[in-house]
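Paired with chain B in one complex and with chain C in the other, chain A is shared by the two complexes that follow.
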Partner chain A sequence: MRNRLTPITLGTMLVALYLFLFAPVIYLVYASFARDTVWPFPWHFTVAGYVDLAGARAYQQALWNSVVLASAAAFLAMALSAMGSIAVLKYRHRWRGAFAIIIVSPMFVAELLIGISTLIFNRKVLGLPGNMGSAIVANAVHGMAFGFLIMLAQLVRYDWRLDDAAQVFGAGPYRTFWYVTLPNIWPAMLGAFVLSFLLAFNNLEISFYNLGAIPTLPSLAWGSLRYGLKPELFALAALVNGVVFAAFAVIYALMRTGLVRFGYRGI
Partner chain B sequence: MLRRAETRFLLLGLPGVAFTVLFLLMPIVSVLIFSFWRTESYEIYADWNLDNYRAVLTNPTYLTFLGRSAYTALIVTLLCLLYAWPVAYFVAKYGGRYRLLLVLGLAAPFFTGAVLRLAALQAIMGPIGFINMVVTWFGLEPIGFIMYTKFATGIGLAYLYLPFMVTAIYLSLLNFNFQLLNVAKVNGARPWRAFWAVTWPLNWIGTVIGVVLVFIPCMAESLTPRFLGGPDGALFGTVLGQQFGETGTWAQGSAMGVLLFVVCFAVIVGMALTINPRRAGFTGAGR
Partner chain C sequence: MSDVAIGIHDVTKRFGRTVAVKNATLEISQGEFFSLLGPSGSGKTTLLRIIAGLEAPDGGRVTIAGKDVTDLPPYARGVGMVFQDFLLFPHMTVAENIQFPLRMQHANRATRDERLAWIVKLLRIDGLEGRFPHQLSGGQQQRVALARGLISRPALLLLDEPLANLDRELRKEMEVEVRRYQRELGIPFVYVTHNQEEALTMSDRIAVMRAGGFEQVAPKLDVYIAPATAFVASFVGHANRLRGNLRDGMLDWKGHRLALPKIEGATDGDAIDYFIKCEHLTIAPAGTSVGANLNRVDGTIRDIIFKGQVADHLVVLGDGTEIVVSEAASLPRVKAGDAVSITWAPDAGRSFRALDT
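Our next item is the complex of A and B:
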């Protein structure tokens, strides 16, 4: 009896957390179809927000900027964190502890501090105006630390003797990585990429101080607060969530059919 | 052979280290330097002085904001810790092959920007929001304390950062051998005893990371109080951000940034000192 009750209680807590986390998202999707986004009760269905969005260049540009920024930052973060985690886990070098602490340290610096310090550094020390490159790099530093932690947590169990075995059989370092290491660690790398993408895609505090006048989705939302959030913004958020939901459905289907296991080795 | 291993270690590890030093350490050092300089009409001048720190540390307004930020961050972190543990435990132990999907589900709201989600939270919890609409349907008085109060800021912060805590604890539990609990049981420990003596200490590192990951952004938060905090709910981060926007007093802002960094660093060091490597079951990130 006790053994049944525990998972049920804990599961209920998980479901309640999902409800709490998704309530605002559901509200946004609901309001995006309402005639009045500020007070959408009772509901008057309309797709006006979506129609306006199709013709609004500013929003499309902001979405594109956000995607470019997040993809570039996430790719950098993934590559650096994968290399760092392999270095720290595979080689018993005397500096491995120090390297690990340095690479993980950006995670413990508040985003606001990363934002203002890179602003000061770029503007006053390097004399750069707000630009995309600085924002990508600043977000990548942040994402790298999170990616590194994810990679460490997943790769602790990886048996590096597999690599040695491949080399004994005559594979060079690149072949070993491509055929032995990568097939084993790609779920962890994907996790690092997805997490850094997420962090960068919606980052306001780091990007805001680095981008200057270049708009992204979060800075557009921030800027339009003064005049009230526009229905187009609700529609865009709803569309992004639609894509995310579809991606989750695909992942679920792939796992359900057993095509992809994402590193799960149990039954 | 040994030399080759060393070369590979450096080839793989140095890029990440160099990246951090160049794009995080150098900016922070420049903040430290600028905090001793002086700003005048939006320009910064290099005459060394301690006025910025004197202004921050003697002005009761700034200290109030700092204290309020620390207090809020502490409460929110404790609440998140209490709620995140059972959830992470459930996902790690009973999630089966869908564990990853369940954790990704907690991250999915992050695809919507914090500004929009906080605005939606405002619309749900506000004085004329969804919750109060339902409350008034039942003929009850609208609930006032859930909006434009410090309580509301707390809810908003927990909303934004709870997933970080769950993920950190989950990642730790992922590498935890649940069969140890059976050993404890065989040796006569009741479930709670087994939890306190085995599960909790062996996952302390993950818990510490989660605590720090929630505390620091809460400490530096500037966005949430603007939406939910009401007229007297401003936090330290809000005021800090203003130094770089509205008022343009960068040197003063730098000093506040350094102060924030020092507080966060002290918390990190304090939490790290509670880790006993032997008791935490940390076998090292190696063989």
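Our next item is the complex of A and C:
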């Protein structure tokens, strides 16, 4: 009895699966180049949406704000999650389980609540107005929880006795970190950075409550929805997707050609 | 005494409620190959880590070359170390790994390259400098780890079961080599192992450890021939333990009356452990006449386990007790199933008052 899938069945299933996953994205890119974004059939090619986007100062400002916010928050989150994961994995303290739960706990709080509570706390207790700084910090707390889990998963394989070896051979704590720990754990740190960056870049709720009038890409896009789906929104969404796709393509190419290993040594 | 390279004075270390090392006092001389031998959990690795500075003792002092280093961190002690599992830095090449201690000492490039050339030649790993640790065989990794431990010409080298992960043939080869490097460099090696053969092959002196304390600290031959305690007698070498009671100055063991060396302070009826090494027993076909002053028990050969130079003869006595006799295998005078007599000179064995089970 043959119960193997024929190539045709398998192919059909694959196409269906990828369509299910990517049809919305493909449609979005397709529509962004159409004269009528609401019903782009038949298709009349235009780059008017992109031209509008390039001319819209508000979007450029929002993009800049988002990049600053996400970079700073991701850097903070990466540093915090690195410290947290090293603390939990290297120094096997009795309370490390409780410590780990505290670090990941922001993950279980709705982003909306993180946003509102940070705003209220800063305003009422610290007397600080909502601004870029508080949005960065609030996003970093959120990113730290995810970054911590990523680093934990990768660093369980790291042998902390290497740090012992470095110390015996004359490296103090800073040089041990710089020469031995960091070169081995940076791929995990990069992973935490990328994830925190994407979370903060795409975040609406946390940033919105803390930033007030300062626009980010998500808040601008969300605000403009009230005036209908404009062509420049399609262009913006298509561009963001394009950048992410290009970034992964570059990473893939680099790893395939062996130019960058991201810590993978074929062991 | 200026000859003392490492001094350990009344060192104690606790982990929670367990005492890993208790009141250890020890002096190791310049140029000595010293082994800490004991089963796992005996505190030997903890003691080594205390010398390296990787563990802080709860009490006592550690000196290196006459200087009190107890409160110094590991990176200020200037010791070399070879770790179990090698612990080579995976992101560095062989050359970078070996030169790491020199780099940490801010040695200039010329010195680093000169020392590297010297050590790879000494350890016969030249040609591997550009490889990464995962591209090396176990034996090569072992040599790189040794090179890294020795390149800065440390005051002493600590070795934590460095041969445990090598296969048997390679281990035999490395035992001889490690000993040779120690002789050539003239610095003390402190070697931790649970493998008595390694300790006996390489060491000048051995400290046998149990439960955080020293059972015996002595030249290796003394440890082998004249064990100070019942634990050492059972742990070092391969011995048969005969437990019986003292009667009229003889050992009453399962109905056999055996002569034994005198034990200080033992009186009639005391429980006695008598240890006799397998190679000190002689086997002969039953009925062969034996010297009057030898101990003798009779039994049947159950099996002969051929090991090369020697064969272990498993002899079952009348009551089912098994005795192991190691004898040269070259002349098979006996075979499995034969009735035999086992004889030995009484003072070849060691007797102790039985303390516990």
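Rule of thumb we're sticking to: the second predicted complex is superposed on the first by the 233 of 267 C-alpha atoms of A that agree within 3 Å, B and C clash if a C-alpha of one lies under 4 Å from a C-alpha of the other, contacts with A are read in each partner's own complex, and residues count from 1 in each chain.
Just so we're on the same page, a residue touches a chain if its C-beta (ideal position, glycine included) is under 8 Å from a C-beta of that chain, and two chains touch if they have at least 3 such contacts.
Owing to the predicted nature of the structure, the values given are computational and were not obtained by experimental measurement.
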Chain A residues touched - chain C or chain B, whichever exceeds: B
Touching partner for A:Gly84 - first (chain B), second (chain C), both, neither: first
Partner chain in contact with A:Leu162 - chain B first, chain C second, else both or neither: second
Which of chain B and chain C A:Ile116 touches, first, second, both or neither: first
Which of chain B and chain C A:Trp43 touches, first, second, both or neither: neither
First, second, both or neither for A:Gly170, with chain B first and chain C second: second
Touched partner set for A:Trp64, first chain B, second chain C, both or neither: neither
First, second, both or neither for A:Trp178, with chain B first and chain C second: neither
Shared contact residues on chain A - chain B and chain C: 266
Chain B-touching residues of chain A, taken from the complex the two chains share: 2, 6-7, 9-11, 13-14, 17-18, 20-25, 27-28, 31, 38-39, 41, 80-81, 83-84, 86-93, 95-96, 99-100, 102-103, 105-114, 116-121, 124-125, 137-138, 140-141, 144, 148-150, 152-154, 156-157, 160, 173, 187, 191, 194-195, 198-199, 201-202, 204-205, 209, 217-218, 221-222, 225, 229, 233-234, 237, 240-241, 244-245, 248, 251-252, 255, 261-264, 266
Interfacial residue positions of chain C with respect to chain A in the complex: 52-54, 73-75, 77-81, 83, 85, 87, 89-91, 100-101, 103-105, 132, 134, 148, 152
List of chain B residues in touch with chain A within their complex: 5-6, 8-13, 15-17, 19-21, 23-24, 26-28, 30-31, 34, 44, 83, 86-87, 89-91, 93-94, 96-102, 104-121, 123-124, 128, 130, 133, 159, 162-163, 166, 171-172, 174-175, 191, 209, 212-213, 216-217, 219-220, 222-223, 237, 240-241, 244, 250, 253-254, 257, 260-261, 264, 268, 285-287
Residues of chain A touching chain C in the complex: 159, 161-162, 164-172, 175, 179-180, 183-184, 265-267
